[in-house]
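Following are the structures in question.
Shared chain: chain A. Partners: chain B in the first complex, chain C in the second.
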Partner chain A sequence: MTDLTQAAASRLLTDTNHNRRPWGLLLVAVPVFLVGWLVIWPTISAIARTVWRLDAEGNYGFNLSSYVFFFSDQYSLNNLAITLWTTGMCALLLLVICLPIALYLRFSSGRLPAYVQGLAIFPLFVPSIILAYAFIRVLGPNGMVDILFNAVGLPKIRTPYLTPWGPVIGLVWDNIPLTVLILLAGLGNVANQSIEAARDVGANRLQVFWHIILPRISNSVLVALSFSILGIFSAFTLPYLLGPASPEMMGPFMQRTFREVNDPLNAITQAVIAFGFCIVFGLFYVRSVARNRGG
Partner chain B sequence: MKRREFMLATAATAGTLILPRMTSAAEGVIDWYTSSDSNIYDFWANTVKPAFEAANPGITINLVDAGDGAGIIAIGERAIAAKQTGTDPQADYFETANPRLPAGAIEAGIYTNVKAAGLSNYSKINPLAIDSDYSLPYRGSQVLLAYDSTKLDPANTPKDWDALVEWIKANPGAFVYNRPDKGGSGGNFVRRAIHQANGLDPSLFTVDNYTEEFGNEALGKAWAILSDIAPSLYDSGAYSSGNTQSIQLLAQGVVTMTPVWSDQVLQAIDQGVLPPETGLVQLQDLALCGDFSRAVIIENGTNKDAALKLADFVLSEAIQSAILTELGGFPGVSWDYVEPALRERFSDIVPTTIPTFPSGQWEAAINDGWYRNVAPNVARDS
Partner chain C sequence: MARLEITGVSKQFDTTTAVADFTLEVDNGELVCLLGPSGSGKSTLLRMVGGFERPTAGSIRIDGEEIIHLPPEKRPTGMVFQSHALWTHMNVFKNIAFGLRLRHLPRDEIRRRVEAVLELVGLTGYGSRLTHQLSGGQQQRVALARSLVLEPKILLLDEPFASLDQHLRERLREDVRDIQQRLGITTLFVTHGQDEALAMADRIVVMRDGRIEQVGPPSEVYRAPATPFVAGFIGQMNLLEGVVDTQVFACPGLAARIPIADGPATLAVRPEALGLSPARGQGMGVIHRAVDYGSHVMIDVELPDGYRVKSMMPQSEAWTAGRPVDFNVGTIVAYRDNALIYRGAQVEEQSRPAGRRVVRSNG
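Then we have the complex of A and B:
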C-alpha cells in the first residue's frame, strides 16, 4: 500500500517536472498574446499613426505637428494640468485616509475592525455611475447635506458638484478599497516581534511607525499609489459627471475630441501623451515588483 | 491523462462557443437597430413590436440596441462591406440614422430611397420634417424652456431672447443649460444663441456651407453672447453634463429655469420627477431648435420588403398617436393625420415651425468652439 502510494507520488512528481515547462509557458502564452494584441500593438500603432502620416501634399512622412499643437495650445495644457492636479490630490488624500485605516485594521482585533474593514471595502461593489448620482444627491446643491445643515440652522455648503473637487472626492472614495487592501497586505510583512523589540527599547508610537513600519511597507505604498494613479489619470465617468465643463480631465477630453469634434488625430495624440505619463507610474510599479521578486 | 484530455476538450468546446456566430439573418425577422435612449427602445418593445407582429403574422422584429450614433454608423459600414462582397449585412432597419453617414453610404447603395419606395403613408409626412429621400421622419421633439411656476409667475415668463437674457441676468444662478455636446437641450440652446447672433435666420446654416472663415465669424458672435450670460448662470457659470442632469437641478429646486426636450419633460412631469407646477414656455421671436428622428431602411438587407412594411406601419395613425400619448414626442406626420382629440389636447406644444440646425462640420465646430471660448470661465476659479 505504502509502496504503491510512493510510486504513484513519485510518478506524479516526475510527470509534473517533466511537463511543467511547456505547459506553463503555454498557459502564460494566452495572456501574453492578449496583452500584445490588445495593448501593446494598439499603443505602437497609435504612436506610429501620430508621428508618421500624410502631409498636405499627400506624402507620408515624419510629422510631429499634432504634438506641437497640444503643447502650444493653452486649452489642452489646462486639461493636462487639471488631470495632474486631480491625480496628485487624489494620491495624497488616499494616503492620508487609507494609511490610518490600514494601520488600525492591522493592529487591532475583534468585531469592530471587521466592520471597519467591511465598510472600507464597500466602495469596491458600487459602480461609479451610481456613486456619481448618489454624490449629486448627497453633496450636490440642495442635497442631503444641505437639508441637514438647514435643519439645524447652518448655512448651505459650497457644493463641490461641477467643480474640480467633485471628481477628487468621487475618485478618492472609489479607490479606497484597493489602496487599503494593498497597504494591509504590506503591513502583513511587519513582524509583531520587531515592533515589540522597538517598544522595549523605549520607542514611542511615532518612532515605531517611522523607523519600523514605514521602511517595511514603503514598497506597498508605492504599489498602492501607482495602481490608483493609473486608474485616476484616465478616469472617465466621475470627472465627466461630477467635474466642470472646463478644464476637463484627459479621459473626457479624449472622448470628446474623438467623438464630438470628429478629430481622431488629436484624440490619439492626447492618448499617447496620457500614456506617456502613465508609463512613468507603471515603471514605478514594475520596478518595485521586480525588486520584491529579487529580494 | 484523462484529466488533461477532459480539460483540452472543455477548452475546445468553450472556444467554439465563444466564436462569433457566422449565421445569416433569418427570413422574416427584421433586424432593427437603435441608437436612442431606453425610453425609445421600451416604446418599440412594448408598443410597436407587438402591434406590428399582430398585424403581420410571420414577421417578427429583432430589437437591437446599437448604443449610440457611432454604433449605427459601424453597422452601416458593415452593410457597405457586405454589399461589396455580396453577403448579408444582418441589418434591415435603423430606428434613427443620418443617411449621409457613413460618408458615401447613399452612393454605395445601401440605403433605400423611401420616397420612391411606394409607401402608402409617405404623403402624410410633415413636409417640415423631410430631410432626405433616404430617411423617413417618424417622431420629433423640440427644446422648450421649463420653469418652476412657484418661483416664476407664468405671466412674467420671458417671451423672446432679449427678455430671457434680461431675466437670467436679473436672477443670477437661476438658469443652467448643459454642455452642447452632452445633450440636445443645452446643444439647441447654444444653437438658438447662434441664430440670435446671426439675425434669427436659420436658413443661413446648411449642412455643407461650413467654412472656417464663416464659422469663426458666425459662431464667434454667439460665443460673445453666451460668455456674457455665463457669470449669471448657476454657480457663476457651471454647465450640467446632460439633459437629465439639467432636469435634476430643476427638480431639486436649485435652478428656476432650464432648457429641456419636449418629450423628456412631459415624461418627467408624468412620472413625478418634476412637480405638476412645472411650466413650459417657448420663445416667440424664434423657437429653440428641435429635430426629427428619421428611420433608414437597408437596401441590401434580407428583409427589405418586411422593413418597408414596418416603416409604413410606423406612420399609421395608431402608432403616430401613441408617439404623442406614450412617448411625449411629436408625430412625424402632419397634425391632420393625428386623432382629432389628441390634436386638441396637445395644441399648446404643436409647433408651427421647427427651426433646425445642420450637423456635419457645424456640429464639430460648435462642440469645439464652445469648450474653448465659453466654458473656461476665469471668474469662477475660487
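Then we have the complex of A and C:
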C-alpha cells in the first residue's frame, strides 16, 4: 500500500469512527436516561430527604436522627438482622442445592436430565403469591402434611411457615431457577477436555471440582449469588405471607412503616439502609461483569 | 519405557460400532500413529487407552497389567489433547505442576521437575506466563510438558497439532519426535494428517470404520499399501480400475503388462511413478492443468474417457494445457478383491489405448 492510499484509508477509518460515535451514544441514551430518572434520581432524592431536613424551627439542615433512630432501635436492628440472616441462609442453601443440580445437568445426557432441568426451572413460572399459598396449604397448620401425619397417627408437626425458616424455604424455592440457569451457563464454559486433562494427570472427581470447575465458574457463582441476594434482601411477597410477625424482613417492615405507621421518613431511611446493603452486592456483580469483559 | 498391548478391543455406541475387534502391540519406546479419516475410530481407541471411554469388549494391558478397569487418574498414561485443554485460571507453572501437587511431592521437587520439563519443551522462563499469553505452539508445548512431567509409561497424543498452522505444525512435530526419542517413551499418536504420520511414526496403523486396514512402517504403508483404501488415503495416488487379459491390464489410454491372473483389477500408481513424455501423435492423454510447486510440477492428465490422473514431473516448458502426452509407468501396485496381488514395475509398457474401463485419480 502506498503512503497516499494508507493515508486515505486511515482518514476514512477516522471519519467512520467520528460518524458512528453519536449513533452509539444515542442508542444507550434512552436506557441511561431511564436508569437516571427511575433509579439514580430517586436514590439521591431519598438520601437527601433523610439527611437534609427541616428542624423544629423550620430551618433546613444536616440531620442524621432517622439513621440514629434506626441503629439504636432494637426492633429495627432485629429486622435488619433477620433480613441479613434470611439472605445469607438463602444464599448458602441456593448454592448447596443449585450447584449439584447444575453439575448434574451439565455433565449428564439423555432424557432424565432434561426432565430434571424442566423441574428445576418450573418455579420460574409460578408467581410468588401462589407459591406462598401453596406452601401454606402443604406445610401450614392443618395443611396436607399435617393431615397426612394425623391420619396415620403421627404427632402434629410444628410448621416452619410461621418461623424464620418459612421465608427461607419460600425464597430458596423461588430463586432456584435463576440460580440454576446462571450456574449452568457458567458450567457450559468449562470444556470437557479441561476436565479430562485434569483426570489424566491424576485428579479424582472431587479434586476436579475443587481445582478446575469451581475456579472456572467462580464468576458465575458470584453473579448468581448477587442476583439472588439482591432479590431476597428486598423481597416482599414471600416474607409478608410467610414467617413470623416479628421480627420481619426489611421489605414488609418498610411497607408497614410507610402505610400502617404512616412514617414516611423512617420508611425512606429503611429503604436507604436496605439500598446500602444491596449496592455492596450490586458492586460485586458489576465488578464480575467488568472482569469478564476485560477478558 | 513400557509395552502396550491392545487385544480384541471393541466399542459400541448404541447401534454404531466405533472400534471393532482391534488388536495392536506397541513396543517399548515405539511411536505408533493411528491414521484414518474422521469417524474411523482412532480417537475412540486412544480415549479407551486413556480411560475416558470404556471398551465394550477386549483387553488393554500396559507391561502385562490389565488397565481396563482403572479410571483415567489411576492409569500410567499421559494424554495431550487437540485443544491443548490448558487451565486458563492457572499460569504455565501451575498447569504443569498440578499433577505433581496432587501426588503431594515436596515443593522443591515440584519446582525442579517443572523447570526441567519446561527446558525440555523449550519454554524456559515461561512459568509465570498466563496461558492466554502464549501462542498456539507454545500452548501445545505446555500441554506436552504437563503430560511429560508425570513421566507416564504411555504418551497419548490426540491430534495435538490439528489447531496449528502448517509451518508451526511441521516444526512442532519434529520437536515432539526428538523429545519422544530422547525420553524413549512409548507413544500412541492419533492423526488424520498423512504427512504427520509419515514424518513421525515408527509404525502406522491405518484405520477405517473401526478396523485396521494396514499396520506397517511408513515406507511400507506408502510404497506397498495393502488395500486400495490405504493406497488412496496415504499420499496422492492414481487408482485405475480395469481388466487384466492375458497379463495385460487395460483401461482407457493406458495399458500395462503385469504378471497376474486374468480378471478385474485396480491399478495404483503414485504421481511420481507416472512419467510423462510429449506425444508424437494423438497421445494417451491430454494435459488438463499443470500446477508449478517450485520443486516439481503436478500435472493433471485427462484420459480419453474423461477421467484424470496426476503425474509429478520436473519443471519444464513442455507441460502446457492441451498438449497430448504419453505415459511411462514406473512402480505399480495392483489389487483384486480389496487385497494386494502385485507390486513392482510393469513388465512391458503397452502404448495402445484399450477397452472399457474406469479411471479414477485420487488426491
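The rule we apply is simple: the second predicted complex is superposed on the first by the 270 of 295 C-alpha atoms of A that agree within 3 Å, B and C clash if a C-alpha of one lies under 4 Å from a C-alpha of the other, contacts with A are read in each partner's own complex, and residues count from 1 in each chain.
Keep in mind that, in the parts below, a contact is a pair of C-beta atoms (placed from the backbone, for glycine too) under 8 Å apart; a residue touches a chain by one contact, two chains touch by 3 or more.
Please read all numbers here as calculations on a predicted model, not as lab measurements.
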{"item": "Superposed partners chain B and chain C on chain A - clash or fit", "value": "fit"}
{"item": "Which superposed partner A:P141 touches (first chain B, second chain C, both, neither)", "value": "first"}
{"item": "Partner chain in contact with A:N262 - chain B first, chain C second, else both or neither", "value": "first"}
{"item": "First (chain B), second (chain C), both or neither touched by A:N78", "value": "first"}
{"item": "Partner chain in contact with A:D55 - chain B first, chain C second, else both or neither", "value": "neither"}
{"item": "Which superposed partner A:P244 touches (first chain B, second chain C, both, neither)", "value": "first"}
{"item": "Chain A: partner with more touched residues, chain B or chain C", "value": "B"}
{"item": "After superposition on chain A, the shortest CA separation from chain B to chain C (Å)", "value": "41"}
{"item": "Doubly contacted chain A residues - partners chain C and chain B", "value": "none"}
{"item": "In the complex with chain A, residue positions of chain B that touch it", "value": "70, 179, 181, 234-235, 238-241, 245, 248-249, 252-254, 363-364, 367-368, 371-372, 375-377, 380"}
{"item": "Residues of chain C touching chain A in the complex", "value": "50-52, 71-73, 77-79, 81-83, 85-89, 98-99, 102-103, 132, 143, 146-147, 150"}
{"item": "Contact set on chain A toward chain B in their complex", "value": "75, 78, 136, 140-143, 159, 162-163, 240-241, 244-248, 256, 259-263"}
{"item": "Contact footprint of chain C on chain A as seen in their complex", "value": "191, 193-194, 196-204, 207, 211-212, 215-216, 295"}
